[in-house]
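Dropping the structures in below, format is structure tokens.
Two complexes come next, and they have one chain in common, chain A, joined by chain B in the first and chain C in the second.
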Partner chain A sequence: MNLQSRKNALRYFFTKVVEPMGFKFTPDADLVEFVLEQEVALQSKHGSPFCPCQPLRNERARDMQMVCPCIAFHRRQFDLMKRCWCGLFVHQGVVDPALLPQSLPREVGLE
Partner chain B sequence: MSELFIRALRADRVLPGGIVAVELDGRQIVVCNCAGSYYAIERRCGHMNAPLELGTLDGFYLTCPMHCVQFDVRNGEVLCDPVPADFGSEMPPPQLGKYLQNIERIMKPVRSESIRTFATRLDAGWVEVAL
Partner chain C sequence: MKKVTAYTLSTCPWCRKTKQFFAERQIPFTFIDYDLSDEATQQEILLEVDAAGATGFPVVRIDDEVIAGYQPERYALALGLSGGIQ
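After this line comes the complex of A and B, so read on.
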């Protein structure tokens, strides 16, 4: 299996999911390449491209909410942060992800 | 050497996003319509021979109906390994569980291989495939 081909396929499928939700791939091309590479490795190991920045707990219902793109399951947080946890996706209006806050406002609890 | 193109099916039999199986000269092939471009690949999955016309086509990516192995129809390249079965938190009955474990043991060393593609062309409303 060719890593780059798999990454291209993931990019295609993810774009179809995230764009209708108002997100896009981060403009940071290096980060996109790096995160997708981790997801390919996770998919080879577990069968699904889990989010590389979240631990798996062997609880299927919870773990499946960590399959990338996991925006639909954590929408409230991501809308506030204007990015997902690992930064692979940002709101469509974001030009420079480095300017986004790194943490949630205090009043927002983790889901 | 020029390729010999054989009429496979009428182009209007396979709509955009569609996959149709045909047999040409004893060879099983599926013809895919990717937004008006036609691609022909071997009918059998490079993992466990499942018939690919029962899978799904999204863009240039064809997903096998059996274990969700994906292929790029442009070059036949295999794009991922099979997705392991998951029964959630509910354990299957012991006898079935034992059977499934055995199947998993047999399947584990099975590699997913890329599959062959064939050149296509449109001629007078027919999709022709070069074998």
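After this line comes the complex of A and C, so read on.
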């Protein structure tokens, strides 16, 4: 399977998973293409499409919580941010993802 | 001049933006890609990431201030850049 086919497969699978959680792909098409490409590479190297913005720690239970889409494992934080950490997914009501912060103030207590 | 260190991943789009932020403004900085580092360096980076309470990368240290995530406004503030992030 070539790169584009693998990206399409991830896109199809991810859509089925994130939509019931109230998320969608970011409208930033360039970001989507870049992140999916990184995830295809991470899947080839590590066996799963890990988040390209979080560190693998060689702790299986913890690392598996970073397999994309990792929304379920960071639900409260991502709901407040209205996006996931890498920005591949945003809340369904988001029109302009550029207005969203990547992280929350520490006083929120979720980081 | 303040010392700027960015902890990053080679696969992370926000880490690329972070590097671009400092490079475009000709602000001297060093960066370490976690995924391309040896195990000992990775452990040191994880200490910084966890201390910052960050979910992921980038994590930027500007002198003693540690900033989790791509936050150009906070980088500018920490560096005392006049005109903010313009």
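Please note the rule applied: the second predicted complex is superposed on the first by the 106 of 111 C-alpha atoms of A that agree within 3 Å, B and C clash if a C-alpha of one lies under 4 Å from a C-alpha of the other, contacts with A are read in each partner's own complex, and residues count from 1 in each chain.
Here is the rule we go by: a residue touches a chain if its C-beta (ideal position, glycine included) is under 8 Å from a C-beta of that chain, and two chains touch if they have at least 3 such contacts.
Nothing here was measured: the structure is a model prediction, and the numbers come from that model.
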Would you check which partner chain A:60 touches, where first means chain B only, second means chain C only, and both and neither mean what they say?
first
Please work out whether A:93 is in contact with chain B alone, chain C alone, both, or neither, and reply first, second, both or neither.
neither
Which superposed partner A:85 touches (first chain B, second chain C, both, neither)
second
Thinking of the overlay built on chain A, is A:41 touched by chain B (first), by chain C (second), by both, or by neither?
second
Now for A:2: first (chain B), second (chain C), both, or neither, which partner does it touch?
first
Hey, is it chain B or chain C that touches more of chain A?
C
Looking at the overlay, what does A:77 touch: chain B (first), chain C (second), both, or neither?
second
Please indicate which partner A:13 is in contact with in the superposed arrangement: first for chain B, second for chain C, both, or neither.
first
As the complex stands, chain C meets chain A at residues 9, 11-15, 34-35, 42, 45-46, 49, 52-57, 68-71
Mind pulling up the chain A residues that touch chain C in the complex?
31, 34-35, 38, 41-42, 51-57, 74, 77, 85-87, 101-103, 106, 111
Within the complex, chain A is touched by chain B residues 58-59, 61, 70, 72, 77-84, 86, 88-89, 112
Quick one: which bits of chain A touch chain B in the complex? Just the residue numbers, please.
1-2, 5-6, 9, 12-13, 16, 43-44, 46-48, 59-61
